[in-house]
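Next come the structures, one after another.
What follows is a pair of complexes built around subunit A, which joins subunit B in one and subunit C in the other.
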Partner chain A sequence: MTEDEIRKSYIEELIRVAPDLDAATISGGDHLQDDLELDSMDVLNLVIALSKRFGRDIPEADYPQIATADLAVAYLGNLPGESDRLI
Partner chain B sequence: MAVFSMPSLGADMEAGTLVEWLVKPGDAVTHGDIVAVVETQKGAIEIEVFEDGTVAKLLAEPGQTLSVGSPLAIIAAAGEVDQEVPAPMPAKPSRAPSISSTGIAASPAARARAAELGIDLARLKGSGPGGAIVLADVETSKVSPEPIAAASDRAAYLSEMRKAIATAMARSKREIPHYYVSHTVDLSAASDWLDAANATRPPEERLLMGALLAKAIALAAAAVPEVNGHYAADRFEPSAEVHLGLAVALRGGGLMAPAILNADKLDLSALMAAMRDVTTRTRAGRLKSSEMSMATLTFSGLGDSGVEAMAGIIVPPQVALVTAGGPQPMALVRHGAVVAATAVTLILAADHRVSDGRLGAKFLLAVDKFLQTPEAL
Partner chain C sequence: MTWEVIRKTAAERSSATLTEAVRAQFTWADAESMLDGLPGGGLNIAYEAIDRHVAAGHGAEEAICWFGKDGRTRRLSYADLASETARFANLMVANGLRPGDRLFAIAERVPDLYIAALGTLKAGMVFSPLFWAFGPDPIRMRIEIGEAKALVTTAAIYRRKIAAWREEFPSLKLVLIIGDEAPEGCVALGPAMAGVSDQFDIVQTRPEDPALIHFTSGTTGRPKGAVHVHKAVVMHAAAGRYALELVPGRRYWCTADPGWVTGTSFGIISPLVNRVCMIIDEADFDPERWYSILQDQKVEVWYTAPTAIRMMMRAGKDVAARYDFSALRFMASVGEPLNPEAVVWGNEVFGRPFHDNWWQTETGGIMIANTAAMDIHPGSMGKPLPGIEAGIVERDGDEVRECAPGEIGELALRQGWPSMMRAYLHEEARYKKCFASGWYLSGDLAVRDAEGYFWFVGRADDLIKSSGHLIGPFEVESALIEHPAVAEAAVIGLPDETAGEVVKAYVALNPGYEPSEELERDIRGLARKKLGPSVAPREVAFRKTLPKTRSGKIMRRLLKARELGLPEGDISTLESDET
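This part shows the complex of A and B:
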């Protein structure tokens, strides 16, 4: 999966969790909670969606690594060596 | 025969606009079936029927704005004959929210599909009754070339909701003599238990501290019935069941508090699932009439904001509201020494017509006690 595909998937799942967001106005550095006003329930719903879509666990300790689209692209693109975290 | 009427979907509602019928004369209905969609200041609500029988006659047309209590349909039990009923009462136009002013009238199917596709309903033009957005509008939609217009529709929707909140809260402050009790709860045990539980759970089974707080509040409400119920016709009617209203904030402003039915009877996983479900449907605008009207006590958490505490205003006809600040490290005194521990400050707002501060204290101490044994929640 390319970085662009990961980014697109992330934005798609984000919009599904928060349908009142406008995909066109979300920038790569926008923070889920500080900038986009997601609450902890929204963040959990996004984690669930991303876990299913990417077929991997996202432990609570890693939540900060998906807090922006830019961070998530790096984190979700970095699969090798993490098979022990698969659900 | 039973007359099916425009329900009151909260203290702030005076009228609603019928968006669509999901049944027709001759259809059999049973308790809990969704039979219509009504647009209110807080969005479109799926209306449930509370009788078993057959739809004998529809009395209202989609597009009509009707006062709370207006007859919408006649539900006949088997073998009953049709009877005359009064015509629906059109609402006073000045007080009724119009579809165009909210811009979000839509059928549940359209809302579900739009949520799937990530389409903002405020951007669509409806072709259904009264301009309501129907499924076909979503399927054929493209991104609006006029985002400014879409933004103003959303602003109009939130403005209507702000008016509804203002009406309900002003009424509450006018009619309900509030008193407040505050208590800080040590969450060390709950926090440790939660971290351990979530470490072994896949994401879809993980819990939030909010679910533990909600469960403890629901259990305490079952134990202290004076905070749980409705105040109607100059007297308090306690509820044997705990239907916990959960305040859900909307982006850009606005708030809804749909009820989680029998919250005290759900185990933590089921309660968490119900909280996720109701939050998702609040965002998508797909709440049911029972969820809008049945809450017996409301919980509002500012868990994500980092503030210490919030004192709230009771949602009529309820008689109490529990608010929580953000769980955070606080300086607590344990065995005569100051220690840093994760804690949360709860504030109970309660109705002095029904209870006193001593009772409020008893309730908050009960919440505290339940949170000290998280494994039993």
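This part shows the complex of A and C:
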């Protein structure tokens, strides 16, 4: 999975959780809570969605690593074995 | 399953502020003796919270220890807080505001918010906090009902949520923006504070003068503004002391936001009245950040909420195990019933249990609690605090019948405790409906066991409790039907293991619209923009029609029963069913 694909997946799941956001205006450094105004339940729902989509458990301690699109691309790109779990 | 009772040791019982002896002898005069009263007469919450401590020689003690999202810290002694709140009060007078005028505040947990709250009270004005994550619609509605004369907020919140409609409220004459710069038509708080004196003669408010307005949601109609008076400080003093073990010098962390009643009564007033050091964290919940604060700040008393506790449980015991919680001596929880698993988990992880307690916006302070000297029955809210008479009753018009132990009824309180709300703003009829035969009726269903412990059963109405926030379905439905595709909407709370309940909406569409994932998101997106994420539905389901009574009222109860696979109950009033 390329970085662009990961980014696209992340944004898709983010918009599903918070459809008040406009995908075109989200920049890579926007923080989920500080800039995009997600609440903690939103973050939890996003984590659940990303875990499902990438076929990997995202432990609570790693939440800060998906706090922006840029961080998430780096983090999700490094998950071992994710590629063979994606269809 | 039944849970093992968590027994307290003799040492725990005798070191508690509320021992059996204190409880047995309590009179309200004991609580009043915790206060000083204004020199020259009158009662003002801000004087009891700050200036009397300075007058008694405690000005150098730490009042606030604040941590910003960005790593900044700010510490304020009681003397600092006295000066800063005096400046704020002078600023009110300089802008022509008068005692009784209402100031609203909408800001994240920054020191200026706390200074504004107490400075407002010093000026004899009424303080009304709103949750910073509210969208523009809830903010506007509350400002309209509360006829705000002044507002304290941030530039970002003002631009996004207020600027568009501010002109419609000409009575809102002063908008203060936290920081050194302000948008057009607003005043920057920083320079304005620097330009006024730090000495102020506190307005000699009387015990029954209004001090606080906290908004709470109704099942139908507009949100209700519960009015509290300065005398509520008697309850704040006693409940903080007895239910939270707040004694002078202790390090205390209330994680609630001042936008909700807990964050004001027990996140500003009660701790300062009891002369503790308040820890304030601006950031949102994060388990490791929280554990670090508990450890590094040597927090001794911690007052938090079930949703946060359940999120810590999700994060796992091993995360908590890396931290040292040896300073903790008392932990309490409020906002919704704390499930027994969470009580037991707390006991395992922190070496002591969470003490659940119960109260409401309308009660102004903690009413029923598991106190330090009491054995804990996990899942129970505890017993009434001294001075509070609680009952389980069944209402029949203007009469009430008291229920026997073990019988489910409405949780009620004998009228007349100091922090009881004195009105719903402009809503005399709705206020009166809360009382019958000398009882305040809470709208919560509960049961009392043979030992006198109270247990929450459910709400008597359709109100939703999500992450500890009370949400009125009507307010959410009103926002949903503003979407052009939505003909009618019904909103219910569904059980959720983390948030307690989550908001789900059912909508019927106008002709010309078809259900689709895209439309679902569009409706949810609009609701989030108008209401904010904590109030908006997390899921929208489409129906051709919604179940209604003969009088046209949507039967939310039926939608919920069907969603959960529960018995449908009495459906004799059902006129048209959902399709």
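The rule is short, and it goes like this: the second predicted complex is superposed on the first by the 80 of 87 C-alpha atoms of A that agree within 3 Å, B and C clash if a C-alpha of one lies under 4 Å from a C-alpha of the other, contacts with A are read in each partner's own complex, and residues count from 1 in each chain.
Keep in mind that, in the parts below, a contact is a pair of C-beta atoms (placed from the backbone, for glycine too) under 8 Å apart; a residue touches a chain by one contact, two chains touch by 3 or more.
Just so it is clear, the model here is predicted, and its values are computed rather than measured.
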In the superposed model, which partner reaches more residues of subunit A, subunit B or subunit C?
B
Applying the touch criterion given at the start, work out whether A:Asp62 contacts subunit B, subunit C, both or neither, answering first, second, both or neither.
neither
So in the superposed three-chain picture, is A:Glu12 touching just subunit B, just subunit C, both, or none of them (first/second/both/neither)?
first
Output check: A:Asp20 vs subunit B and subunit C. Expected answer is one of first, second, both, neither. What do you get?
both
Which of subunit B and subunit C A:Glu3 touches, first, second, both or neither:
neither
Which partner does A:Asp34 contact after superposing on A: first (subunit B), second (subunit C), both, neither?
second
Between subunit B (first) and subunit C (second), which, if any, makes contact with A:Leu44: first, second, both or neither?
both
Show which residues of subunit A both subunit B and subunit C reach, each in its own complex.
15-16, 18-21, 33, 37, 39-42, 44-45, 59-60
In the complex, the residues of subunit A that touch subunit C are 15-16, 18-21, 33-34, 37-42, 44-45, 59-61, 63-64
Any idea which subunit B residues touch subunit A in the complex?
114-116, 118-120, 147, 154, 195, 198-199, 202-204, 206, 208, 210, 249-252, 275-276, 279-280, 283-284, 303-304
Which subunit C residues qualify as touching subunit A in the complex?
69, 133, 284-288, 307, 311, 314-316, 319, 466-467, 498-499, 502, 521-522, 524-526, 528-529, 532-534, 538
The subunit A residues in contact with subunit B across the complex are 12, 15-24, 33, 36-37, 39-42, 44-45, 47-48, 51, 57-60, 87
